[in-house]
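A, B and C are the chain letters, set down in written order, and residue numbers restart from 1 in every chain.
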Amino acid sequence: MIRLLLNRLWQTAIVLFGVSVITFIIMHSAPGHPLQANPELRLDPTAVERWLELRELDEPLPAQYIGWLSRMFRGDFGKSLIYNRPVPELALERLPATLLLTVPAFLLALGLAISCGTWAALRQGGFVDRLLGLATLAGLSLPSFWLGIILMMLFSYGYPWLPASGMRTAENSSVSDILAHLVLPVTMLVAGSFSYYVRYVRYTVLAVLSQDFIRIARARGFTELYIVFRHVLPNASLPIVTVAALSLPQLFTGALVAEYVFSWPGIGRWIVTSTLARDYPVIMAVNLSAAALVAFSNFLADLLFLLIDPRLRFKA
Amino acid sequence: MLTITDLSVVFPAGNVQALSELSFYVAPGETVGIVGESGSGKSMTALAIAGLLPPAAKAVGEIRFWGRHFVIGVSSNSDWRAIRGSELGILFQDHSTGLNPLLSAGSQVSEVLRFHQQKSKREADNETARLFSLLGLIPAEVRMRQFPHQLSGGMKQRVMLAAAICCRPKLLIADEPTTALDVSIQAQILCLLREQTANAEMSLLLISHDLGVIAQLADRVLVLCAGQLVEEAAVAKLFSNPAHPYTNLLLASVPRLDLPLALNVPVMEDNDEPTNGCGFASRCPERVSKCIYNPPLIRLSDGRKVRCHNRR
Amino acid sequence: MRRSMVFVLMIIGFSFLLLNGCQKGQEETNLQVLHVAAPASPITLNPLFARDAGSLEAAALLHPQLLGTNPDTLEVEPRLFASFELQADNLTYLFRLQEGLLWSDGTPLTADDVAFTLLLISHGDYTGWLYPLLRFVDGAEEYRNKRLSPYAQGEISGIRVIDEHTIAIRLKQLHAPFLSYLTFPPLPAHKLQNVKVAEMEGHPSLRNVLVGAGPYLLAAWKPDEYLHVRANPDYHLGKPKIAEIYYRFIPNIEAQVIELLAGKLDLLPTAVKVEDVEMLAADRQISIHKNERLVYDYIAINQKEEGSPLKDKRVRQALAMLLDKDELVTNLLLGNAEVLHGPLLPLHFAFDREFSQEKGSLPAARQLLLQAGHPQFQLKLIFNSGNIIRENVALLFKEQAAQVGIDVQIHALEWEAFLAALTNGDYDLAILGRSADADPDLSFHWHSQGAGNRTGYANEKVDRLLEEGVAVLDKERRSELYRQIQELIVADAPIIWLYTRQAIHAASADLQGFAAHPESLFYNVHLWSLAGREDGL
């Protein structure tokens, strides 16, 4: 257990170092610098020079990278070149809104997918199964952008029940106001990821259902519900945990399309604008955190595997 | 007391007649063996009795089980559930995949007790421990905590046997209970089966392609061929004097030490397309022209039943 | 079981009531609140360091201007500077601040604040966009180069505070557009004196404007959500009529339109799509406003490639003849633009409505190409993907070019790739937009030393005339000069001018007094009001 953890930490450190180097190289391979990202900006050349100098961007690239690395080791993620504020501060400012959107959407999509997928697998070829097949096909092929616009047209314009953009009406908004703002973006996110998850769930549950011990559990006179919860779902949970863990980093990097369509003040928009604006410290921090999150999610999935499956537990 | 009347199972998709008009009974405390080669419908019979036929199968027939009456295709799943696991235990062949890999051996037995007899966890665990010791899973406390992947094939089969008989069923259906096991383990499991059924006055429906197994345990034997009952006889009579040519063939195909191997294994050809005639006709050494018509099941003077034109 | 169902239903019902109640409540108490959409969130509210349009627009709500410009004529108007006069030496301007100006913390706003701001902008560590405008002040360059202190202290020889309300600024030489540069706000010296200039860009008090003197004061800034501002009772032009403004950042234009139609937004500024205008105008609750802007679209021509036919002036002239710009404006922009033939815009006093390049024809263009000895060649035309109008321009151009033997390859590039292609010169033609100054002075883009002259355009005669143009004050004379300059530049065909688009705003019909300025959305925002919405407070 401890060895596994240490092993993982070591591997993660190497991966993160690699990611930082690659990000740094790619980031700087584009010509020019952040102040040139807007071609119409009227800046005096001396001002540009001084700006670069003050931010140590005039130094040779290896020196810049080493400077960044040494700051990282002191826990300093640097200041955004665009916002002139510490990167963690900017990220934390947007993280609550992001999690408020992505976590409920994730839980809802996963919960719905597990229940619907299991149902469809139990009644394979039945009405629900066929309906679900159709719905997931639509969900997967319909771009989420369009779904968002359609939802907005329907429920903000056709039937103006729900707000079309933003997270709240004002600073002192009530909980119900925020909930009303949540409905459409969450629906859009759920529709997208549900179709993705439900196919997995249905497939895995079907695979488990075809196993002998399920037939035998039936022969022991257990009710279907008992079998589903005690025997089918735990055995189906390994692949589902994998898929869920893979989407865990996305909870933090935001849901860009939904954030754009519904003007949600999440982290995804910030990441994209920062990337387009060549905000070097932000790009580095975001890529590094994303890589760390992926590593962490995988580790979490491994831990869950150990918890669920005794075969792995005893092997380790 | 189990009575099966006119049980037929058809798979419409493959146009396969798995069982046709099978009728038999199992008396209390009796061990009835069912033999036949693979595909003869043995396992279908077991599934039909438990109401566990695959959804693709179409079946008709009636089953009476200790005063309960089931009409196949009419009785609901919950009707069956009332007897499954409690009054009717089933032991399957697949010891390697028959246990849930995520649950400990003990819990897979005790859950049956807790489910059917509403026992507390402690009561169920005690009962399981007792059963484990009885079945040679010792030390029981250790075995109960172990997971299927930590158990040998024989031990797994014992665990499954424990789960099947823990509620003291009136009838145990054992479908090829020893087929996938080593010979030495086979003997142990058969021994246990005989002990347990005898002690608890349990009826046993033993399904096997292995005549040796049948000979050791069964009181009475049913021979199935192509979904039909072709012979039914007390075990001694069947082995000493088989009436049906198919039974003959089965007996002859048991490897014998006193004869060279090559001679005594007749080639089992694939069954042809289903015909109206005798299902064995295409392979029968005593075939006559009448065999294109299906013979009726007739009772011989010594009480045996046989389905063959040549035995009239 | 049944009882719990009833309970759940009651909770659901109750929460809906709550929800509806809230919405009604807001409508009733927030009658004097204006909701304005913005396509992008500001990055800073610090006007001296803002580098994007969103930040500048938002900063205009919170900061006053030293001087303003008239929205129609772009002539300089008094603001904080109540008067301004050029002394007899033709170099020194004397500015008098309006009396009784106050910062929002009660401190008087004086000439010292103005001087501090000018020092700050001229300082060697200042990295904002305003310094080029102050280069013309006597001593500013020396001050910048010396960099004696890290703070905005010291003296610029050309700047002299005469008294609390008066400041004199002396230029190195006469520079006609100078006054039009002074549209930026002063900053509070008493708050920022002790901040190093190098740290000013990210300084919290500037980013968040804790002390202001603009029409509105900051109530809350929720990044990527909205800017919430309250009327400044001490605003020097009078307390704004609208009590509060929510400046909401909505990147999705469709959502903006829906929110406007649903009555949750009162103003969609500037970027209303031309194809939406008709639909919005049909709504009685909505009125459409339009105004000219100081921006135009053009096709840049890359003349730096060795051996490129584009090095030949005749080829470029031929290219300029290909598009029927009138048709472009009528069909593509539905009339919401004006055809452009040269660098002067309709808003410039020097603009010549009669001026048009030779009405080109395809045979004439073909003739020119043959003369130049380039009967057939390929060109790569790039534009930023997602811009439908520019995409259509590109397609139209390709079609026309094919008829004179030019094979145009169209490349729609993502913004990053587009920038890279521009920087690397990896294009022959590129569709771009650019902004022009309020003053018709064209030096920035067309003087051979101009900071914005990235195509390397150099014409000695143009340089000389441009220098003359800023050295005279007489408008008639300047007009004459700039028209001459325009003739010369257009004859060189350095780019292909397309059109100048109007800003199209959609507003609630209740919004009164809204008249956008070419350079500022919130022009005279203190005069705006919401008719028919009584002040509920």
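Keep in mind that, in the parts below, a contact is a pair of C-beta atoms (placed from the backbone, for glycine too) under 8 Å apart; a residue touches a chain by one contact, two chains touch by 3 or more.
Just so you know, these numbers come straight off a predicted model, no measurement behind them.
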item: Chain contact graph, described as a line, ring, star, complete graph or other shape; value: line
item: Innermost chain, where centres are averages of C-alpha coordinates; value: A
item: Busiest interface, counted in C-beta pairs; value: A-C
item: Centre-of-Cα separation between subunit C and subunit B, whole angstrom; value: 88
item: Rounded Å distance, subunit A centre to subunit B centre (Cα mean); value: 53
item: Averaged-CA centre spacing for the pair subunit C and subunit A, given as whole angstrom; value: 36
item: Touching residues (chain side subunit C, partner subunit A) in the complex; value: 15, 18-19, 22, 26, 40, 43-44, 51-52, 124-129, 131-132, 135, 144, 198, 201-202, 207, 219-220, 222-226, 228, 246, 248-252, 254-256, 258-259, 261-262, 264, 415-416, 419-420, 422-424, 432-435, 444, 451-452, 454
item: Complex contact set, residues of subunit A against subunit B; value: 211-213, 215-224, 226, 230-231, 234-235, 308-311, 314
item: Subunit A residues within the subunit C interface of the complex; value: 30-32, 35-48, 50-51, 54, 79, 82-85, 90, 93-94, 97, 149, 152-153, 156-157, 160, 163-171, 174, 176-177, 179-180, 260-263, 265-266, 269-270, 273, 276
item: Sites on subunit B touched by subunit A in the complex; value: 50, 52, 77-78, 80-86, 88, 90, 92, 94, 97-104, 111-112, 115-116, 147, 149-150, 160, 163-164
